[in-house]
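Following: one structure in structure tokens, then a few remarks.
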Amino acid sequence: MLKAEDLKIHYGHVEAVKGISFEVEAGEIVTIIGSNGAGKSSTLRGISNIEDKAGGKVIFQGEDITSLPAHEIVDKGICHVPEGRHIFSQLTVEENLYMGSYSKTDQTKAEYQDKLARMYDIFPRLKERRNQDGGNLSGGEQQMLAIARGLMMDPVIMMLDEPSLGLAPLLVEQIIKLIKEINEDLGTTILLVEQNARKALSIAHRGYVMETGNIIMSDRREKLINDPKLAEAYLGVG
Amino acid sequence: MAANIFEKIITNINKNKLKYIFLLIIVLLILPFVVENQYVLHIAVLTLMYVLLSSSLNVIVGYTGQYNIGHVAFYAIGAYTAAIISTRFNLNFIIVILISGFVASLFSLMLGIPTLRLRGIFFAFTTLGFAEITRLTILNWRSLTRGPFGIPGVPIPQIFGMRLSTNTHFYFMIFILLFLMLLMTYRIINSRVGRAWISIREDEQASASMGVDTFKYKIMNLMYGTFWAGVGGAFFAYFAGYVSADSFILDESFRFFAMVLVGGTGTLAGPILGGAVLTILPQVFRSFARYQMIIYGVAILLIIHYKPEGLLGGRTFKRDLSESEDN
Amino acid sequence: MRKSYLLSLLVLTVIFTFVLSAGAAEDTVKIGLSAPITGNYAEFGENFQYSVEIAADRINANGGIRGREVEIIVRNSEGKPNVAASIAQEFVQNKEIVAEIGDFTSTSCLAAAPIYERNQMVQLSPTSSHPDFARSGEFMFGIVGTQAAEGPFNAEYIAKEYLGIDSVAVIYINNDWGVSTMENFVAAAEKVGLEVTGTEAFFGGETDFSAILTNVKQNNPEGVYIAAMYNEASQVVNQIDRMEWDVAKLAPSSVFSEQFLKLSGESGEGLVTNTFFALEDPKEKVQSFIAEFRERADRNPNLHAAVAYDSMMLLADAIERAGFDRVAIRDALAETENFEGVTGTIEFTDVGDVVRSYMIMEVKDGDWVVQEDYR
Amino acid sequence: MTKILSSENLCKYFGGVRAVDQVDFSVDKGEIFGIIGPNGAGKTTLFNLLTGTLGVTKGKIYFKDGEITNLPPQKVTRLGIARTFQNIKLFEEMEVLENVKIGFHTQTKTNMLDAVLKNNKLKEDEEKVHLEGLKLLERVNMLDKKNNLAKNLSYGDKRRLEIARALAVKPEILLVDEPAAGMNPHETDEVVELLEQLNKEGITVVIIEHDMKVIMGMCDEILVLNNGVKLAQGTAAEVQKNPEVIEAYLGK
Amino acid sequence: MFGFYLSQLFNGITQGSIYALMAIGYSLIFGTLGLVTFAYGDIVIFGVFVGYYFYAVLGLNLILAMLLALPITFLFGVLVEKICYEKFRKEARMLMLITTVGFGIFLRSASQIIFGTGNKSIPTLIEGKIEIGNLNILYIQLGIIIFTLIFIYALRYFLNNTRTGIGIRALSMDQDAAKLVGVNVDKSIKFGHSLGVVLGVFGGIMLGSFYNAISPMMGPNLGLKAFTAVVLGGITSIPGAVIGGYILGIMENLAVAVFSSGYRDVVAFIILIIVLVVKPSGLFGKEVKF
């Protein structure tokens, strides 16, 4: 469904992504794991075109979207939940969710209300805080808001960038569970970028491992988890 | 095509820097003897003066990244100090010029102490306010400045009993001042002090981590830059023989700023070219009378559009005027 | 590619100007005009240009001066003294220019004066009314009359005698002209026993006078003397009217213009000023100037336009007598006797000023009406 | 072993966020001290507190025998504490050698007048700075790039240059923030080797690093932070065994 | 004496309303583009002149003419954004600062050529007055104050309750995130900028109508006042801009009452510097990084 071919991203003279290719099939959870600075986030930013690509191609549902502007990529149904959450800090929770449906110009008010209600069902905490500024939420709440905002887009594919970043272990657990649910219940395809390899692999179907701008391994979950090379390359010690 | 040639010339100049600088100095020294047209000479004096002023602003904006958009205030303070002192006391002009520079410097110290802790653009706002306060004070404080009448009759400077009154005299005067300024700045920039200044522009936080007392060095930098603005102002007072507040409006400040940007920030050569281009350009277009300022405005827009880094390619600046904190 | 445009544009203009400055016809006589064509005083600079060009065309139509055509070299001083000085330098350098007209503000005139003086070229300012200007050199001439003369006339004849008031407040523009107008008026007022209840300054381009007027009104003066150009003066009378303040309004001759009537409307009614140029002057010379000016500028000339016209005519007269030598022109100009201009009879004093004979003029039914002829 | 750097009940709050909360730790002279923890654990904030870049909300910091709480960064540096930054803060528009030269700021005395007069003080200073700068670059294998602009360097070179620049300060203790981030294994090995070498020469090293291989291999002692709170301090072996640490850091 | 200060206060409130109107526009531009502009006053006056042109040259009804000017200035705003900002959105801010300076010089001179150099008079939009004690309040003064309030509320409604408005707010907080939820950032920036220009032009029309005069040279001074008001109140805070406008208007008038008229602007700028030193984010602004 989503295919990247020979993707390259440069920051000035630094080659953050050095020509990688990967694929995500419909209905899958695919994860890209790797340490800090491996180029995972840049990859996602390149796909959603908020970062200029130095080369390569992105194909979505058979269509070349390499050079579409960011807002049109969103229209196609690609949702990108960025690293560090990037919620709108001075908008209220509800306004943040509203921004999620920004591109849905053809949806009726009732449909919107319906979806909002569903989000509040999934995230009761957000309902409690619906009128607070996004910036005043805790880290975990912000992450939920970012995901909920993404879901408001009815995405075909959801790209999540480090959703567990900076969260307490219990919360990480919740978020990971949530992602799995989104995939299973809503049928949304997931591309998950994570540092927390174990967590990510616990729900993913397949995984890619990145190191310094290259993909060094890719396999099905079961194989990756048990691959001693992964532990060595990524976790350092077991 | 032309652009290529232009680039080539610049690379060539960069390669043989010393040779060309030497050549330029020779040409500038001979100029007043071959040019008989007093008007051209007059413009040459003005050009060198503006080069001095834009270079002095460049020290602050270009090297240390402090957004001083009210530079005209220090130019005005220098000019008025010179006019006031020289019309009341019988002092040698060299002393008067020095005093004027120091007075301008002193004002920048007073402005800098409370405001330099402000982040980039907020500091810019305060300098803008200060420029207006200075101009309005000049207009209001009639007992000292004669208000809107300005101060006429700034005496003709004398040295060794020689009266310096012709354009040629003033040409050499500003030439020497500019030469001194550039030489001093060149030496400072390539010393420990200059490195500290530039490091503040590049990354204030990292600079402090290297042991640089950033506040102190910012103050020093501001005082040094404004000293030369004051000197430039004092020179202007002698050259024009007359100062009035009309010469020190905010537009003049923006003009200095444009000169620095058009030439290229953070290099010695940039503001020299920028100052020269933006001084000579309006003179060239003066015969267009009412269209003159339109052309001037469009020229600034065009240059910034096609060469955002300046004609001579200065140091590029980060998007943000100030460093964002980690975390 | 695009960069090359910029460069070629620069190169072209440089060549262009050199060509321009090089191409000089032999049989012309050149007069420099330094005026604020852009900036805050652009309107006045424009008047200068129209009037001087009208005068030049007239002279040329009548065969020029000593058989040579007059050519006006216009330079924009932007209302800045330092620029006026640069222009002076350009004019004196150009040997074909025999004399200069301008600039508009006294500060610009004073800044340029030393250069003209040193290079012995006539600087004839149509509008500088600063008492120091004409005194500042042999070659400086002012023809609008100084505030040293106008101030006393306004205080004594307009305020005391014509309006019959005993106290007055002064509102003045905080520039060289405004301050000198205010000071001369205040000095004269004290002499004739006219009480000045207060003086308030404002800066050029000001739109809101309510604060100043509220201040002034506190002392209940019988009259308000508005030392401003017509733009701001019309605002002041508008806002006096708006306050429903019934007070006598008087102003120096700078307000006399059609624009003042347009901008002030009914609230200008009753304002008194002086003038030495009147639209209803029946002299043929005056009427034909007015007609010509109206044709070109699409409005009636004001005092500034009229004196600019006279400046050019005066110079032509002097050159006709003296020839094309700069110093000779200066001497001839100084010796001018009984020159009949559109602004009356002109003769220079020893220092190079003109003593004017003023008329009192009032706004009545939306028009300027000459009331009395004094002096 | 003597303590060289330590904190007492150190806290830093941003509004309601407790970035660093009641952290006590101590670094012994001459050791390599690791700080680990998941992203957002407060490691970099802790560095910023130690070096004076950020003000302390509560608590105290000691260096050798004195207290350095809330000293401005330039004073902290003068005492002999140098650092590198997580997101690399080089002077990008300056040449590589110039970057290092700034590190000698505290050891040189040239003032503006000396520079203008070009007197002996300036000459001595410049000579010293030039020679020692070159030596440092040689040390990090960057001599051939001395005239490049810092912004044009590769990621690995930038990290190395930052370390070289910090060394110019002649620190007693060096704080490095993720020196191996974004490097390939070979480059990482080089950095590790460099740090170990420096340590042998007597510089105490405090290191924040995500690469466990690096941390576990080189550190004498490790501090583990999570959500601003200290979880443990101990040797690599001790820390690795600590169940709390395993849970927080590696995920359950 | 009390009446004197009262009427000075009222003068200040009217003056402040106009500053406030202009400041809202300025603040909107500041928010969307994240930068200061020094061409704002010139652009605003240009817009007012467009209205004047419809009225005086084409002979349209005054109110209609002024209303017609608004959509035209909106389009003009798009053009300005393209010339001055578009290319420099990611570049150093001072480049934009200089493009606005260059554009201001250009526009001012062009306006003088197109519309003539002199002052032009605009009649009062609404005539009449009411008297309270010895205080005269003109309908136009009330109109200005009421319009200012209406605009503040309309703008707040727009920014809080409409799709485009929330989009603009979102974009001013986080451009990347705005892109990721499908905001067409380029279009929204242009829209926000143009809206700011239109608001300013409306303020300019009110000003022209109140003082009955406009001139191309009024621009820089007005722009500087709007700028000061915005910085005083707090950049990007719309209520802050309004309050900043009123504070500026009132302080200026009281300065005339207490000191002398010459020091009116000096007082304004001294207050500006003090506020910046004490609270850089302005009196009511949130901490923003610029």
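So that you can tell them apart, the chains are marked A, B, C, D and E in the order they are listed, and the count of residues begins at 1 in each.
Convention: a contact is a pair of C-beta atoms (placed from the backbone, for glycine too) under 8 Å apart; a residue touches a chain by one contact, two chains touch by 3 or more.
Source: prediction; values computed, not measured.
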Third chains touching both chain D and chain B: none
Chain A to chain E, fewest steps along touching chains: 1
Farthest-lying chain, centroid of Cα atoms versus that of chain B: A
More contacts between chains, C-E or B-E: B-E
Whole-Å separation of chain centres (CA-atom averages), chain A against chain B: 51
CA centroid of chain C to CA centroid of chain D, Å: 71
Centroid distance [mean C-alpha coordinates] between chain C and chain B, Å: 35
Residues of chain A touching at least two other chains: none
Where chain B touches two or more other chains at once, by residue number: 136, 139-140, 290, 292-293, 316
Chain B contact footprint on chain C (complex, rising order): 1-4, 6-8, 13-14, 17, 20, 37-39, 42, 49, 74-76, 78-82, 85-87, 89-90, 92-94, 105-108, 110-111, 114, 118, 130, 132, 136, 174-176, 178-180, 203
Touching residues (chain side chain E, partner chain C) in the complex: 4, 7-8, 11-12, 14-15, 109, 112, 116-119, 121, 136, 138, 207, 211-213, 215, 217-218, 221, 252-253, 256-257, 260-262, 264-265
Parts of chain C lying in touch with chain E, wherever the complex brings them together: 38-40, 42-43, 45-46, 174, 200-203, 205, 207-208, 210-212, 214-215, 218, 231, 234-235, 238-239, 242-244, 259, 262-263, 265
Parts of chain E lying in touch with chain A, wherever the complex brings them together: 160, 163, 166-167, 169-170, 173-174, 176-186, 286
In the complex, chain B residues that touch chain C: 1-3, 6, 37-40, 42-43, 46, 136, 139-140, 142, 147-150, 152, 165, 167, 236, 240-242, 244, 246-247, 283-287, 289-290, 292-293, 302-303, 306-307
